[in-house]
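Chains here go by letter, A, B, C, D and E, matching the order in which they are written, and residues are numbered from 1 within each.
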Amino acid sequence: MADTAVETPSPAKLEVSDEVAIQITNMNKWYGTFHVLRDIDLTVHRGERIVIAGPSGSGKSTLIRCINALEEHQRGRIEVDGTVLSSDIKNIDTIRSEVGMVFQHFNLFPHLTILENCTLAPIWVRKIPKHEAEKTAMHFLEKVKIPEQADKYPGQLSGGQQQRVAIARSLCMRPRIMLFDEPTSALDPEMIKEVLDTMVELAEEGMTMICVTHEMGFARQVANRVIFMDQGQIVEQNEPEEFFNNPKNPRTQLFLSQILGH
Amino acid sequence: MADTAVETPSPAKLEVSDEVAIQITNMNKWYGTFHVLRDIDLTVHRGERIVIAGPSGSGKSTLIRCINALEEHQRGRIEVDGTVLSSDIKNIDTIRSEVGMVFQHFNLFPHLTILENCTLAPIWVRKIPKHEAEKTAMHFLEKVKIPEQADKYPGQLSGGQQQRVAIARSLCMRPRIMLFDEPTSALDPEMIKEVLDTMVELAEEGMTMICVTHEMGFARQVANRVIFMDQGQIVEQNEPEEFFNNPKNPRTQLFLSQILGH
Amino acid sequence: QTLSDVQDRGTLNCGVTTGLVGFAAPDANGDWSGFDVAVCRAVAAAVLEDPQSVEFVPTTGKTRFTALSSGEIDMLARNTTWTFTRDVDLKFEFAGINYYDGQGFMIPKELGVSSARELSGATVCIQTGTTTELNLADYFRKNNMDYEPVPIETNAEAQQQYIAGACDVYTTDASGLAATRAAFETPGDHVILPEIISKEPLGPLVRHGDNEWGDVVRWTLNALIAAEELGITSANIDEMKAGTESPEINRILGTEGNLGEMLGLDADWAYRAIKANGNYGEIFAKNIGESTPIGLARGLNAQWTDGGLMYAPPFR
Amino acid sequence: MTTLSDPQGESFRLSMLLNDTRYRSYTFQFIALVCVAALFAYLGSNLMANLRAAGLSISYDFLGDPSGYDINQTMIAYTSQSSHLRASIVGLLNTLLVSILACITATIIGVVAGVLRLSNNWLVSKLMAGYVEMFRNVPVLIWIIIIFTIMTAVAPSPSAFRGDDPDASMVFGMIAFTNRGVYVPAPVFEPLGWVVLGVFLASIVASILYRRHARKKLFDEGVLLPTTWPTLAIVFVPAILVFFVLGRPITLDIPELGGFNFSGGVTLLGSLIALWFALAIYTGAFIAENVRAGILSVSRGQTEAAAALGLRPRRIMNLVVLPQALRVIVPPLISHYLNITKNSSLAIAVGYMDLTGTLGGITLNQTGRAIETILLLMLFYLAISLTISGLMNVYNNAVRLKER
Amino acid sequence: MSDVHAQSVGWVRDTLIDQQPPPVTEAGAVKWVRSNLFSTIPNAILTLAALWVLWRLLSGVAPWILNGIWDAPSLSACREILDGATGGCFAVLAERWNQLLFGFQYPSELYWRPMSAFLLLFVAIAPVLFYKTFPRQMLIFTAIYPFLAYWLIWGGSLLTPVCAGLGFVIGYLVYARLVTQSFAMGFFGGIAAALVFWWITGALNFTGILMMERVESRNLGGFMLNLILGTVCVSLSIPFGIALALGRQSDMPIIKWICVVFIEFIRGVPLITLLFVANVVLAYFLPPGSNFDLILRVIIMITMFASAYIAEVIRGGLAALPKGQYEAADSLGLDYAQAMRLIILPQALKISIPGIVNVAVGLFKDTTLVSVISMFDLVGMIRGPILASTEWNGVYWELLGFAALLFFVTCYGISQYSQWLERQLNTDRR
C-alpha cells in the first residue's frame, strides 16, 4: 500500500516553532479494567507534523481521541494550546474548537449538503454570520478542489471526495491543530492519493498535524516525527528517515518489516 | 484484480481422461421471453478444468446453475455423469449429489457450526453415520487449512475462511464435479489468495471443475480450457495460452483488453 | 359551591342513562327527553332560568358514580336505586325518590313461563354494576335455582341480546323493562313476569358534602311532587302565580315568603321548574304514563292522597 | 464515570455544577428527580384534597368482602358469596384462558396464511394478501363486535332446536351451535377410562422417543427410518386398541336441550368464542406478515446451497430454512402474544368476564373503589406483560446468532 | 497433448444467434396459468379450493350489495321492500350518515365546519408526508392548521386560537433570540415567555369577538371523533416521544430510569385501562375544582400511550445512526442540544417515519376503544343510539360493514403510504 503515496523520499523541510501546541504528561487511560494508554508523554510544537504508527489495538486512535476529549482520560494531564483538558465543559469546548478532527469513515452529515456540512459548526459554535461562513467554506472547498460539489449531498460523492469534504469541514473551524485518524484507510487506492495530496498541502502551510496512518510514503514526505506505539505505550519516536532506515526497538523492526514487506 | 492470483503463467499439465463428465447439447433457456442461453454445446471430460469468462449478464451463472438443475432449461439436453437431466426428481437428486457447487456469497448455514455445515448433507442425503461424516469433514477442513475453526459459527469467520468452508462443505459430499460461481469476487484481495490456493490444490488432484471467474492468473495456471460467453452464447473457447495471447473474436479481444488493462 | 359553579358556567351537567326510552333518550336531532330528563330540566330551570341549558352526559351503570364523584356531572338523574352503601359508603346524597320501583323479569311469551320460580337454568341478561345484578344473585341463590348471567353495559345492548335470543330473560327495574318492551317491534310477544324481587326506589342524587346544592335538587323535586298534590299544572301555573288562597301554593310559587332566597335562588325558582315540564303527574303521564306506549300505571307512585307513596314534605 | 483528570489545586466552585462534566449530570438528574417528585407530590396532594372533599379514603379492605355477583364462566369454585379478590382471580384466569386460546389459534392461522401467501399459486397468495390487509386495517374492536354479532344474531337460539321439526339441529347429533355459545360433548371417564388416557399419554411420549431413536439411528448407522406414519400409529393405535379392549370406558356426555338451555357437555360461551376468534383472526393477520417476513429473511442463497447439496425440499425447510426463520419470527411473535393479552381486555365489549370485566368492571361498580381497582388492574396486566417479555428476552439471548 | 480432444481445440463463433421466442409452453397466458395456478397437483387443489372460497364469498356478498335498499325509513319498511330477497338495508346509512360521521349531538347546520377542517387537513399534512414534492413554504400552513382546525371544530372566538398560536410564536422568537447563547436558556426562556403570554391573554375574555357558535367537546362524535383523537394524539405524542427516547438513551441513570419505567409501564397495560383512568380516576388527580372534559382527559391518556410507543420507534432510529455522527458532531464543538437538534434528530426522525406511521395507524384503530367508556365515536354511535333505536334495531351488517370499510380505506391508505415511504428512504440511502 505504501506505494500509492507520493514518492518524494525527503521530509519536507518546514519550520517548526518553539511554541508548544500540545503537551501530554504522564497520561493514562483505562477502558473498564483494561489499561489502554500507559504513561504517555508527548510534546507537540506548533507547526509540527507527527505521524503515529503501530499495530492494530495499540491505542493510536484512543490517544488522539483523548486529545480531542472524545474520550476522557483518567490520570495525567493534557494541555492543548494552553488550555488544560479537565472535565470543565468550557475547557472542552475551547479545545474542540481549536482542534479539528478527520475520521477514518469521514462521518459527514448525510442530511446536509456539502456546504451546510462545512458551515454548520462555524455558525452554531463560532457564531459566524451565515454568508461569511459560506465564504470561508467555499474557500476551503476550493482548497480541497471540490468547490463544484458544494450543493450536493455527501451520498452523491465518492469516498475520496467525502474525505476531502471532511477535511474542509474541519478547516472551516480554523483549527490550530488537526488530528487525522487513519484518514485514508477506508478508501480505494486512487482516492487515497487525492486525500494525501490535500494533507500534504496542508502540511506545507505549516498546520500542526497529528496523523495516525500507515502510509509510509506520506510519513517520509511530510512528517518531522514518527511515533511508534505498541500496547498503549510510545515505544519509539524519531525523524522519519532514521525511523524507517534504522529502527531501534525490535517491535518496531518487526512492524516495519511487515508493512513495508508486501 | 488479475495480479492478486498466483503468478505461474504455464497451465498445469494434468491428465484429462476420455470419459465424458458433462455433455450439453443444443441447450436453450428463457427467462420469460428473454432468451438467456442460446444453443449451448459443451462437452466436459473427466478431469477437465474449465474457466468460463464473459461480460456481466452474459449468462455464465445461468449456465452453471442449469448444470446443477438449480434452473430448468427449456430446450436441449444436459447429461451429467451419464444421467440425463429431466424433471424427474430422482435424476435431479442423483446429479446434485454428484455435483458440488460453490457460490459467490458462500451461503453457509449461519445457524450451524462449521462442522455441522459440512456434515449436514452427508448425513441426511448420503446417510453416512455421523461420526464418519465428521471424520470426512475434518479431513476436508484440514485440506482447506481451517480444522481449528470446526466448532465456530460461520459468522465468526472471515470471508476467505467462509469460502473455504463452503468448498469443504461441497467436497464432503465427495462430488465428481465441482462448479464454482465467481467464488472469489466477494472477497478482499488477501482472502482471494487463500481461496484460489485451495482451488489450485483441488485442480491438481484431478477434480473436474467448471469455474466462472475473472481471475486470469488462476485461469492461466490451472485451466485447460477457457470459454468466453457473450449474450447467452459461447463465443470462443481455447486453451488459456492461446485464449489470452491470441483471442480471435473481436468481442473477446475487447473484453480481455478491458480486464487485463488495469 | 356546586350551585355557584353551575350558575357561573351557565349550564347544568346532568348525568342520564345512555338511552332508555321514556326515561332519557335522545331523538334523531340529539334532543333529550324523558322522565329523568324532566328532572334535570326542572333543576336547570330553577337554577339557570332556562330549562334548555342542560348538558346531558350519558352514563352507563359503570360510569355514573365516578362521573358524579369526580365532578364531571353536577347531578345524576339516572334511574338509580337509593341504597345504604351508595348513600353511606360511596358518599352520595339522594335528593329524594321520583319513582318507586322493583326488579322484574321479561321473557318471550313463546317460552311459556309464567313465574320467576320457573326460571331455573335460564340465561339472564343483566346490566352490570347495578343493584339488579346483586338482587338477581341473591334471588336465585335463595330459591336454589341456577342461571347463567350475560353481563352487558347498556340497556341498548341488553335489548339487542334479548331480541336475538342470546338470553332467555332480561331483568332490570320493572319500569326499565316496560320502557324496553315498548321499544320492541312487537311488544305483545313479551311478558313481564308478576314477581317483583326487590325494592328499587329511584331518585336523583348529588355528591355528599355540598348540602346547599343537595337542597336545591331535593326541593326542586319536591316542588314538582307538591305541585301535583296542590293542583299546580303547567296550564294553570301562570294564573296561580298571580296569587291564590293557598299559602303553601303561594310559598312555592314565590308570591309569599322567601323560600327561594333561603335556597340561594330567586323567588321564581319553583315556578320555572314546574313551568318547564309541568308537575310530577304531568311529567309521568307525558313520558311513561298509561297513555304512552310504555304504559306504566301510577301504582305506588300515586300521590299519598291517592293511596300512593308520593309525599312531598311541607313547603314551609 | 471516573473522571479524575488533574484534580490538584482545583477547589469546588458553584459554577462547576453546570460547567463541569463531573457534576453536571448530577445536577440534571437532581433537577429531573425533583421535577418528578414534585409532579407526584402535586398529583398526590390533589388526590388527597379531592378524596377529602368527597369524604373517601383509599383502602383495599373491600377485596375481602363478598362480591355478591355471579360470573358465567368460572374455572375455580366461585359463588356470589366469594370475595372480590376471588372474583378478580376468576377474571384473571378467564383472561389467561382466552389469551392462550387466541395465541394458539392466531399462531396456526398466521403460519398457514403466511406460508400460503408465499405459495407460488397466484390465486392463493392473493387471497391471503387480501385476508391480511383486510384484517390488519380494521380495528380489532370492530372485528370483535362483528364476530359477536355473528354469534348472537345469526346463530340460532336454543329454542330453535326445540320441537318435532326444529329449525336447527345439532352437528353430528353432538355439537350445538347456538347464539349463546357452542355446546360440545364432554368426555366422561369411568375408572378404566383413565387407563386409556394413560396409554394415550404414554404413546405420545413413546412417539417422541421413537423420533429420537430414528434420528440417532440415522446419525449412528446411516439408516433413515420412516417417521410420519409410525408416529401416527404409535400415538393412536394402542390407545384405540385399549379403548375397545377395555369395553369403551370413555363415554361422551352429549349436551341435551332441557329447560331453557342445553345442559351437559362443555359450554363454550358465545362471548368467549367471539373474543377468541376475533383476537385470533386479527392477530393472525399480523403473524402472517411476520412469518412471511421471517421466511423471506432467509436468503434464496440458503435454499439454493442446500438444494445444491442434494437436500430435498422438505428437508431444506426443516433443516435450513425454519431454524433460521424462527429467529426472525419469534421475537415479534411474542410481542403479538403480548398484544393479544392486552387486547383481551376488550372482553368488556362482549361481556366476557375477564379481569377487566370482574375487577375493572363489576367490582369497581359495586364498590365504587375506582382508584384501588384500576391500580390493581394495571398491576395485574403489567405483571402478565413483564412475564411474557421476560421470557422473550431469555429466548432472544438463547438463539442469537454467533457473530464475530 | 490436450489437442487430442476435439473440444479443446480453439473454437470461435462467427455468427451470433439472435434472440428467439420461447417455446409456446413458456410464454403467454397458458404458461402463466400453468405455472401460477396448476403447476403441481397440490397446487391445483389449492387453486380449486381458493376458487370455491371466492365463489362462496362473492355469491354471499354480491346480491346483498347489489340488491341493497338505499331508501327506507326503518328496518321493517326495508324488509317489506325487499320482500324476502337477499339485500342490504343501506337505508340506515343514508338516513344516519351524518350521525355516523359527526355524532348525534353536533349541530347539523355546522357540519360544514368539521368538513372543511377535514379537507384542510390534507393541505396541512401534504408537505409533511410528501416533503419532496411540496414547497417548504406550505409548512407554514401546517403550523397554522391546528389552531384553525380547533376554531373550525369547536368554534368560539377566533382570538382564542390566535392567542394560543401567538404564544407559540412569541415563545419561538424568545427561543431564537436566546438559543445562540445557550440552548437551555433559549428553551426555558421560550417556554416561560409563551406561558406568560398565555397567562396574560387567558385572563382576557374574548366572548363575542369574531365568534363562531361554540360546540362543546362532548358533542363531538362519530368518525370525526376518531379522526380528531387520532390526529391530535399522534401529533402531540411525537414531541413527548422524542423526549422519552432521548431520555432513555441518556447516560444519566436517574433520567434513564424514569423514562424506562414510564415507557415500560405504559406499554405493559392495555389501552382500555388507561381509558378507564381517564374516565374514572384522572379527575381525582387534577386540582380540585378544575373541570377537564372527558375528551381532554382521553386525549391526555392516549397521548401518553402513543408517546411510549413512538419513543420506542424513535429510539430505534437513534440506535440506527452510526456512532460516528455523534462523534463528528462532538469533535466540531457542537454541544449536546446542538448536536441533537442539528445532526442526530433530523436523521433519526427521518429513519423513524415509517415506524411512526405504523404506530399512528395502530393508534387510529385503537381510538375506537373510547366507545367502551361510552363515548360516541363511530363504533359507539353504531352500538348505542343507532342499533338501539326502534327503527334500526337489527341492521348489524350494514352498519358494521360501513364502519369496517371506513377504517379499512383510511388505514390501508396510510399503510400503503408508509410502505411507499420506506421504499423511498431505502433508495435515498444508497
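Basically, contacts are C-beta pairs under 8 Å (C-beta built on N, C-alpha and C of every residue); 3 or more make two chains touch, one makes a residue touch a chain.
None of the values given here were measured: they were computed from a predicted structure.
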Smallest number of contact steps required from chain A to reach chain B:
2
What is the set of chains touching both chain B and chain E?
D
Which chain is most remote from chain A in terms of Cα centres?
C
Can you pull out the chain pair that has more C-beta pairs in contact than any other?
D-E
Among the chains, which one keeps its Cα centre farthest from the Cα centre of chain B?
C
Going by C-alpha centres, which chain is most central here?
E
So the centre of each chain is just the mean of its C-alpha atoms; given that, what is the distance between chain A and chain C in Å?
85
For the pair chain A and chain D, the C-alpha centroid-to-centroid distance in angstrom is 57
Centre-to-centre distance between chain D and chain B (centres being mean Cα positions), rounded to whole Å:
50
Chain centre separation in whole Å, for chain E relative to chain C (CA means)
42
For chain A, what residues touch not just one other chain but two or more?
89
Can you list the residues of chain E that touch 2 or more other chains?
280-281, 283-284, 383, 394
On chain D, where are the residues touching two or more other chains?
50, 53, 153, 348, 364, 370
For this structure, give each pair of chains that are touching.
A-D, A-E, B-D, B-E, C-D, C-E, D-E
Within their complex, state which residues of chain C touch chain E.
5, 18-19, 21, 26, 28-30, 55, 57-60, 63, 66, 70-72, 153-157, 159-160, 163, 183-185
Could you list, by residue number, the parts of chain E that touch chain C in their complex?
76, 99, 104-106, 108, 216, 218-219, 279-281, 283-284, 289, 291, 293-294, 373-374, 376, 383-385, 387-388, 390, 393-394
For a test of understanding, state which residues of chain E touch chain A in their complex under the given definition.
180, 322, 324-325, 327-335, 338, 342-343, 346-347, 350, 428-430
Chain A partner, complex, touching residues on chain D are 2-6, 10, 16, 18-22, 24
Across the complex, what residues on chain A touch chain E?
68, 70, 89, 93, 96-97, 99-101, 103, 105-111, 120-121, 124-125, 127, 155, 169-170, 173
